[in-house]
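Two complexes follow with subunit A in common, the first pairing it with subunit B and the second with subunit C.
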Partner chain A sequence: MALSSVLQSESADFSFNNDRSFSFGCRFGQTNLGFGAAPGDRLNFAIKASLGPDDKDGPERKIEFLHGTTTLAFKCWINFSVAERNHQRTASKATNFSSQEQLALLNQPAIPFVIIPQFQHGVIVAVDSRATAGAYIASQTVKKVIEINPYLLGTMAGGAADCSFWERLLARQCRVYELRNKERISVAAASKLLANMVYQYKGMGLSMGTMVCGWDKRGPGLYYVDSEGNRVCGDLFAVGSGSMYAYGVVDSGLRQDLSVEEACELGRRAIYQATYRDAYSGGQVNLYHVHSEGWTRVSQEDVLKLHHQYQEPKK
Partner chain B sequence: MAMSYDRAITVFSPDGHLFQVEYAQEAVKKGSTAVGVRGKNVVVLGVEKKTVAKLQDDRTVRKICALDDNVFMAFAGLTADARIVVNRARVECQSHRLTVEDPVTVEYITRFISSIKQRYTQSSGRRPFGISSLIVGFDFDGTPHLYQTDPSGTYHAWKANAIGRSAKTVREFLEKNYKEEHMESDTDTIKLAIRALLEVVQSGGKNIELAIMKRDESMKILVQEEIEEYVTAIEKEKEEAEKQKKKT
Partner chain C sequence: TMFATQVYGDNGKMKEYHYTGPVEHRFSPYSFNGGTVLAVAGEDFAIVASDTRLSEGYSIHSRDSPKCYKLTDTTVIGCSGFHGDCLTLTKIIDARLKMYKHSNNKCMTSGAIAAMLSTILYGRRFFPYYVYNIIGGLDEEGKGAVYSFDPVGSYQRDTYKAGGSASAMLQPLLDNQIGFKNMEGVQHLPLNQEKAVQLVKDVFISAAERDVYTGDALRICIVTKDGIKEETVPLRKD
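Moving on to the complex of A and B:
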């Protein structure tokens, strides 16, 4: 592969056959890949700098790719609608409702009136698309969102091979579950399957930090699963080197009553700001929205275009 | 003749029978009767309790076992075999909760039990389980289910069924007396199960063990007094029905 030969000449350090798979980041001390790996497949390359006694983060240091990513996912509350059961009037969004209108409707005793809160949560998933190997930008067009099935998404951070392999394996398990039990697998169960699969290889050098996002009968689901065996449920996660910048933007902009477009814009802005400051994130912003019907790909926008879009008004 | 084909479980006979499995079903027919009824909001399992010797503590002879908070089962046949199956099913219920973070559906655990039973019809050196079981419960979404498994490893869903001794008589009774509308009421469902058992049980309420489960509640084994209440109510209804008949 072209990449490996380029790296060979610069700061990378190889110790075995390196013409096989490569990960998007640099790793060192990678041991046996587990099942199916032939001895010749071992890939060991590391940046010279890390050969020093640079052990502050311990195992985290291995996952170089985390230094070259920003992935972000958060659950959002979409405004609720008010509906009158026995009337033709269609549901209107809460944002268009003034409090007086609401009161007026309540004070009409003749009309039987029911508020059906329809909390349509969703999950917004936003990722960048840059892959780096040290200071070298390997690619600006990486797909970091893996479509497990029409209603489950997985994001990718860490070793690309690990992420895509295990998530494809997860897709297979999910499908078998669906066929056996005649109903879709829940997000909790899917993330649990993934976590259990990689836990068996704990300590063997897998590198994967993924968010499993989907919609099941309990509503939207968002789980963070990584190769250390962590599995956490949450409303908001950002993973990667640019995650801190993304957290800053999302935390300040997240509200209970965001519309879908506003939430998407928030995700987009968060990733853009992360790519602005973090050298290892960039490329395009890929945005997905997971709702009750499944996931939809909202947009893919180049960061430079977003830069002009956001900086323009300031001038 | 048939003798040479029932040695090994894994061998078919020329006319397509697995004799060991069929003999296992015979063993089931010798077991005490169990009846199951699926109502709309309650599921009921009743078993015939064999008269217990004077010195025996009858609490150890439980034929209705809870598999999880939302599923329980009764069986007919070899009690020892049933103990193994129940144990495995209980572990599987918890495993399922661990990996999928949801309680089992009745269909799932029935399928699991049936595949255990089927495995034993296809491996050498082992004999099939000599039990049929009735598995009842509610799914996570609230639908009630009643399934029956047999030694061959097949399972079917039923609205009401009976297994064990005189199962045929009881099933015919159920077919005659099962009415959809009655299933709306909990008491009617329970009464149907008791009436069905009373057909074949020797001496009335004393020899009946009954367990019910209402939606979102755990299994409840009725005490003797409660069963007696139902039995007296049933007998009264029977008298009234006879009086009506005499009048017309």
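Moving on to the complex of A and C:
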């Protein structure tokens, strides 16, 4: 399998260097954690040998977190207006077909045989844009969707630096895969690469809850990966402190026959409602749509503007 | 110099100034030296400003320790937090800049420095540099650029940002005056250099009023295509 060959070529070294010096008050040892990078490109992490219980105050608390976050993604059925047209069209006319249908028709005799695409989902990705450091709002304009490549997206929840660093590394690994195998990486493989990268640091305090969304030859792909080692495939995920509020809205509005605009509006509304109730979510709602041609940035709207839009008609 | 220690009581919380009971001294590799930095990006300029007070605990070590460091002709970085890590970090950045210049035969751009700093900071993810960085400079098109960081390397490009001890006081003021937030029906005028410098001075005067770690003097570095100009303005010394 292509994935295992990628992992074999980089040595995954799980051993720790145990010759750290613990002389009181002086040097803190450096640990060589060869994780899964190309040789000659090792990541060295210096470890603070804790001489006491964890220091809750100080820099740990002041690191920016995206715990205050709502990110959500769901697969949706897309109404193909092409399919509807086929229903109505007459026997001999050939209108705009998708390539799948065209192929099927060529193989048939003169009988007009129409194949309506059943499994053409897309993935809608919606996120907020707030980053907090304790109770301080560090930024309202964070980009929580990382564009790994033109057909793969990753979302960020948890530690801001953790998410952006590891997903940027994932983008690099995906590109290496493309160069080695002359084909795009699948969503399953990309999410597995990310999960394996962070698993080596399990228990060391990384905080990352991300969704890898994309389109590959198996269709739309949506995986949830986190720093605890979870990696699950699914149709709908919401991650972050505001996820419960988002789930409520999406679960009640999700139907099989949503159009693209309706699905986008559902995602937008879900994030807006989450920012309304969750103190740690807010800023803007960024919406992306992943389809067979890749991803498109649908919209970016300020939550305040959405508030007027949704609440005004009630008055 | 003093050993940086923190005084813990029975329940693990830090103790008050007049506490006289039993204490447990633990060595902490960090100490907090105060200071505030601020950066603003304009159409064709960038401003990086910092106060010059270096404190520790209840004392002031120096009244003339600015926190802006010149990296290239088009980039200035402001670092506040733990002074030891600030010094080491700027030395590492200078070394990496030289290495880049030697291998690529050109200077690093502001965006490249920002991306590099992010990975340098993340390299110490499990023993962070206790530094709040803000980079101000000109991007490749000559427009002002500000990049703000957290201690472990998360960063983004902004128009304006305050970091350090008085950041929570300054940032809302900048949001209102430069970002026109929470103002209805106001014309969004672009910021010119003179107004920006005056705003920075006013904002630091306010910070010095209410933050004990900010004061003494203000160092302003103005980055334009003609180079970097430095200005020093006195602040409250109490």
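Just so we're on the same page, the second predicted complex is superposed on the first by the 212 of 315 C-alpha atoms of A that agree within 3 Å, B and C clash if a C-alpha of one lies under 4 Å from a C-alpha of the other, contacts with A are read in each partner's own complex, and residues count from 1 in each chain.
Criterion: contacts are C-beta pairs under 8 Å (C-beta built on N, C-alpha and C of every residue); 3 or more make two chains touch, one makes a residue touch a chain.
Here the structure is a predicted model, which means the values were calculated and not measured.
J.: One more residue to check, A:A188. First (subunit B), second (subunit C), both or neither?
T.: First partner only, subunit B.
J.: Have a look at where A:F165 lands relative to subunit B and subunit C in the superposition and call it first, second, both or neither.
T.: Only subunit C is touched by A:F165; subunit B is not.
J.: By residue count, is subunit A touched more by subunit B or by subunit C?
T.: Greater contact footprint in residues on subunit A: C.
J.: Could you look at A:G205 and tell me whether it touches subunit B, subunit C, both or neither (first, second, both, neither)?
T.: The second partner, subunit C, only.
J.: Should A:N196 be classified as contacting the first partner (subunit B), the second (subunit C), both, or neither?
T.: In the superposition, A:N196 contacts subunit B only.
J.: Have a look at where A:S139 lands relative to subunit B and subunit C in the superposition and call it first, second, both or neither.
T.: A:S139: touches subunit C, not subunit B.
J.: Provide the residue numbers of subunit A that touch subunit B in the complex, in ascending order.
T.: Residues 181, 185-186, 188-189, 192-193, 196, 217 of subunit A touch subunit B in their complex.
J.: State the interface residues of subunit C toward subunit A in the complex, per the touch definition above.
T.: Residue list for subunit C touching subunit A: 3, 12, 14, 26-30, 32, 81, 118-119, 121-128, 130, 132, 148, 150-154, 156, 158, 167-168.
J.: Given the complex with subunit C, which residues does subunit A contribute to the contact?
T.: Of all residues in subunit A, those touching subunit C are 24-25, 28, 43-48, 51-53, 55, 57-59, 62-64, 131, 133, 136, 138-139, 141-143, 159-162, 164-165, 204-206.
J.: Mind pulling up the subunit B residues that touch subunit A in the complex?
T.: Interface residues on the subunit B side: 99-102, 105, 108, 141.
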